[in-house]
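Listed after this line are the structures, all set down as structure tokens.
One chain, chain A, links the two complexes that follow: it is found with chain B in the first and with chain C in the second.
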Partner chain A sequence: MAETKKVIVKVKRQAGPNDPARREEFSLSWRPSMNVIICLRDIAENPVTRDGKKTTPITYDSNCLEEICGSCAMLINGKARMACSALVDQLEQPIRLEPLTKFPLVRDLSVDRQFMFESLKRVKAWIPIDGTYHLGEGPRVSPEVQAKGYPLSHCITCGNCLEVCPQVNEHNQFMGAAIISQVRLFNMHPTGAMNKRERLEAVMGPGGIQECANAQNCVKACPKGIPLTESIAEVNRDAWKQALLGWFLG
Partner chain B sequence: MRKPKIIVVGGGLAGLMATIKAAEAGISVDLFSIVPVKRSHSVCAQGGINAAKNQKGEGDTTDKHFDDTIYGGDFLANQPLVKRMCEAAPGIIDLLDRMGVMFNRTPEGLLDYRRFGGTLYHRTAFAGATTGQQLLYALDEQVRRHEAEGRVKKCEGWTFLSAVMDGAHVCRGICAMDLRTMEVKTFPADAAIFATGGIGAIFGRSTNSVVCTGSAQAALFQQGVDYANGEFIQVHPTAIPGEDKLRLMSESARGEGGRVWVPRKPKENRPPRNIPKSDRFYFLEEWYPKYGNLVPRDIATRAIHRIVYQEKLGLDGQAAVYLDVTEIPRETLNRKLEGILEIYEKFLGVDPREEPMKVFPGMHYTMGGIWVNGEDQATNVPGIYAAGECEYQYHGANRLGANSLVSCIFGGGLAGTAAVKHVNNLEKGAEATAQAVYESERKRQEEKNQKLIRRDGSENPITIWRELGDLMTEHVTVTRLNKNLQAADAKIHSMLERYSRINLSDRTKWSNQTLNFARELENMLILARVITLGALARNESRGAHYKPEFPDRDDTNWLKTTRAKWVNCDIQLTYEPVDISLIKPRARRYDAAK
Partner chain C sequence: MSDTASQPDASYLLRKLHSFTGVLPVGAFLAEHFWSNSAALVDPRKYDEVSRDLQTIPFRLVVEWAFIFLPILFHGLYGIYIWLRGKSNVSAYPWVGNWQYVAQRYTGLIAFAYIGWHLYTERWLTHGKSTYATVAQDMANPWYLAFFVVGILASSFHLGVGIWNFLCKWGLATTAKAQEAAGRLGVVIGVAFSFVGILIVLSFRLNWHPFAFYYINK
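Moving on, here comes the complex of A and B:
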């Protein structure tokens, strides 16, 4: 019988935020259409390193496994991407897995992205409806506006755009492209536009759009292909307009 | 003055809608979720949401939606609440529209509608092929607003362990575990709403997300919350088989004109594009001329199984058939179906706009779930409500496509409103419950953890889980034979026995996913038995439940709801009549107009 093909995976391990980091290597049996999640599950079923040492299963975030929940972002061979859609056959080996670095570490490959949800709160990323009781249909929206807004509403809050942004660092609380793009989405909607001013003010506050240094890494890292740089440019224009207007009107 | 509190467990569509209704009524809500709610499984729903808005001038009505739903569910659903849901659906679409959902539009700026399975009308509103994601986000945003304004507290990264019941068996709160610190804690509340979704993990691989284990439902079941129609499991006809999960290929692909076929010749070696139409077997269209590719899911799934296992016409002799959208113009595909086509492209490296997709049925949804009354989503335990996929009320023996999102939002809203009424009418709330009641539940759960951690056996929880999944998929999905069901139940028994010799390869006290999974596994095994025993007992075929030994629907003996109870630490099946007061049951067939 032919020897089964092996997949070598090298994982950065850290038991907790204050524990020392270490690396462990695993040798797994290859299977067709294997992805990084399958590798992590195989390790959990038999948590033994390549050199035969017993270890613990790897802690990681995952849920939908079809790249729409945003859970499983991590660094795979140094690149911020979703683990579920990272197919082993397309990856160089050993496959290096590390946690995202711009968010507080929980354990192993799991990080805490609460910062992004807090930012969504700050910029009021919602349509302020009066209530859920019957008030008839929503405003009419042209197919053109829908075609523009729909891609923006695909943001899965994975954090990859923050991970690759040089402006997101320990000296800077930059909210990142994902959040700014949401401001654009809500400001575009006929009802949402009524609170455009508030959102623009929030996006000009600390950690806001002024921190963007135009590295344009975000748009390349986005797994959903959201036109993030376009969003930043548009929100930036609107923010300046509002600031200047405020300045003129004293 | 007493300040009532409601706990919602689960942050998908149903849980979020319940939260919004309660928050809007001025009640403070603690929202518990394993994952950040924005990552809940509702995000995976693709094709759309049904509402008879009749915006294509076809004469569609909410009554027709009601009839399609009851008929599609093979008359097993209690009818009055389904009727209310269908009547509420157009208003739900309006609400979502007001919340800013980026639905597809007509040139006039109105919502566009597509056709879905089990109906002849364009009744399904959609946002590309990512409707669930768009709807979930809309509700998530509304909840975030309530959270920012102090009415909702989110407890994300917590998993539900058990309900806290007082001496009179009334729910007074919940016991949950922080998935980081592994702390076990109780939370007092005057009512708890469960919206804990599907149970796909019991079948190993399914179209469901990782968190859909049914663990919360099973935990409640073992505390005396009844579970109904567990044996009704929907297998979606078109999924992409995968090692880790079965990725859904939405019914909307067929709604937009996608066709299912296999080569007529068993050993066809021409690539699909070179096979002329005359050599292709569009079996759904031939067998069901009226509904064609849009027959309900149970029918399409059985047809595909027949093609593969009896006619031996599976692609390359494998368990697969073509789902072909290549005849649809590229522009339409990108505007209406891009989300799902991208999934296929990303995970298989083939462009489905050029080449027919290879699909096969996969476990998708549970029609059964927590028993709730026919009024307001209350369970049989006072203070506990359930909504969404985790309960059984709306879909009978088979759910129609695009009815799940509407049932989640309708049921969630109803549960939220009902829980508010309940807590406002309570004479004494959770504050009057003795601390000892909470403390003893906390201790019971904490001891369970300690026991698991101390256990020094040889069984790996993931191995048992994989075996459970294979067993359930083989014997308790599309075709059910009594001797296999019996054997399956015995096997699950032995798995429960092996479970007592489990070994956690991780004994640490920080973010220990192994411990949590082991706890879920025990619950999955219990619920697997409920499903299997329900199927074994039901000697008829109805909707998704198909027994070749009993191929016909048997209204005389089986037009009844299975209601499983936990009695003396075992499963007891009881039955109750179905409310058929509005539409008289008639034969269900899709080869002709109904």
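Moving on, here comes the complex of A and C:
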């Protein structure tokens, strides 16, 4: 019988945020259409390193396996991307897996992206529809707004745009492209526009849109192809107009 | 303003001011400066006439400080502060925009250092009374010449990328297509400024006046 093709995976492991990091190498049997999540599952099934040492399964986040839940973002061969859509046949081996670096580490490849959720809350990234009584029908959304908003609604809050942004780091609490793009989405919606001013004030607050330095890495790294730089520019325009008018005309 | 929402914070206003001053008045002054110095391409006498006109403007010190020195000082120092708050990752993500992000910081620093030296040698040491002869004498020094060339290229690049950044950051170029067009405009501006700047240097260095036939004796 011919020897089966092997896939070599090198994982950065860390038991907790304050524990020392180490690398473990695994040799897995190749299968067609294999992706990085399948590698991690195979390791969990048989957690033995390449040199035969028994170890523990690797901690990682994943859920949908079709690039819509946003949970499996990690560094794959040094690049931020989704593990579920990272096909082994298209990756250089050994495949190096590391956790995202811009979020607090939980364990191994799992990070805590609470910062993004907090930022979404700060900018009120929702459309308030609930009242104490029936508010009636909302305004119609024009087909043009629908067409512009739909791609923005694809955001899966994976954090890749923050990971690749040079302005997101330990000295700088920049909220990042994903959040600003959500501001654009909800301000675009006729009902959402009722809170437009509050959202713009939030993006002009600490860690807001002013921290963007236009490196435009976000749009390159976005797995959903969201026009993030367009969103930032649009929100920038609305923001300075509001700042200027608010300043002069109160 | 609603009391529940946060006000635009100081860093927002300072960032906007940083972006704005880069174009107005700093970028505009660079254009004026290259334009005035282009007089050397006509004739040393023309250069001295233009220089004298500028040296004798009313409220000279106020104009210099309000529209040239202070804006450059603010733009430069706040720019360094912005640099320190970023963390380059161009080795992991070697994309064009990311390279520009890094280059914008280094050219800004080079231009800032150059402008400091340039002000010292051509404004301070000459007591604001530079003539064609004093500049040509400085340009005869190969180190001065080299620093002039580096300073001109760094400033021109920084302005070109800066115009692109400005158009994106103020939402004047929003779609990917518009931002590409803004990028091409930035390239044209950067190349044009570099070209004119180098011509001026050559004019002083080689006593070369390609537009000499324009000159009319006063």
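Heads up, the rule we're going with is that the second predicted complex is superposed on the first by the 240 of 250 C-alpha atoms of A that agree within 3 Å, B and C clash if a C-alpha of one lies under 4 Å from a C-alpha of the other, contacts with A are read in each partner's own complex, and residues count from 1 in each chain.
The rule we apply is simple: contacts are C-beta pairs under 8 Å (C-beta built on N, C-alpha and C of every residue); 3 or more make two chains touch, one makes a residue touch a chain.
From a predicted model like this one, the values you see are computed outputs, not experimental measurements.
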item	value
Fit-or-clash call for chain B and chain C when the two complexes are aligned on chain A	fit
Dominant contact partner of chain A by residue count, chain C or chain B	B
Which superposed partner A:216 touches (first chain B, second chain C, both, neither)	second
First (chain B), second (chain C), both or neither touched by A:63	first
Which of chain B and chain C A:10 touches, first, second, both or neither	neither
Chain B versus chain C as contact partner of A:50, first or second or both or neither	neither
Contacts of A:71 with chain B and chain C, given as first, second, both or neither	first
Vertex chain A, arms to chain B and chain C (CA centres, degrees, nearest 10)	160
Chain B and chain C, minimum CA distance [Å, superposed model]	12
Overlapping contact positions on chain A, where the chain C interface meets the chain B interface	none
In the complex with chain A, residue positions of chain B that touch it	20-21, 24, 35-36, 38-41, 43-44, 91, 94-95, 97-100, 102-110, 127-128, 130, 133-134, 137-138, 141-142, 144-145, 147-148, 180, 209-211, 242-245, 247-248, 335, 339, 343, 346-349, 413, 460, 462-463, 466, 505-506, 508, 510-514
Residues of chain C defined as touching chain A within the complex	1-2, 4-9, 11-13, 15-16, 82, 84-89, 92-93, 95, 97-98, 100-101, 164-165, 168-176, 179
Complex contact set, residues of chain A against chain B	15-16, 31-35, 37-38, 41, 44-47, 54-57, 59, 61-71, 84-85, 87, 106-107, 110, 113-114, 117, 120-121, 124-129, 131-132, 134-138, 140-143, 146-147, 149-150, 153-154, 156-157, 186, 189, 191-192
Complex interface listing, chain A residues touching chain C	78-79, 164, 166-167, 169-172, 197-198, 201-202, 204-206, 208-217, 219-221, 227, 229-230, 232-240, 243, 246, 250
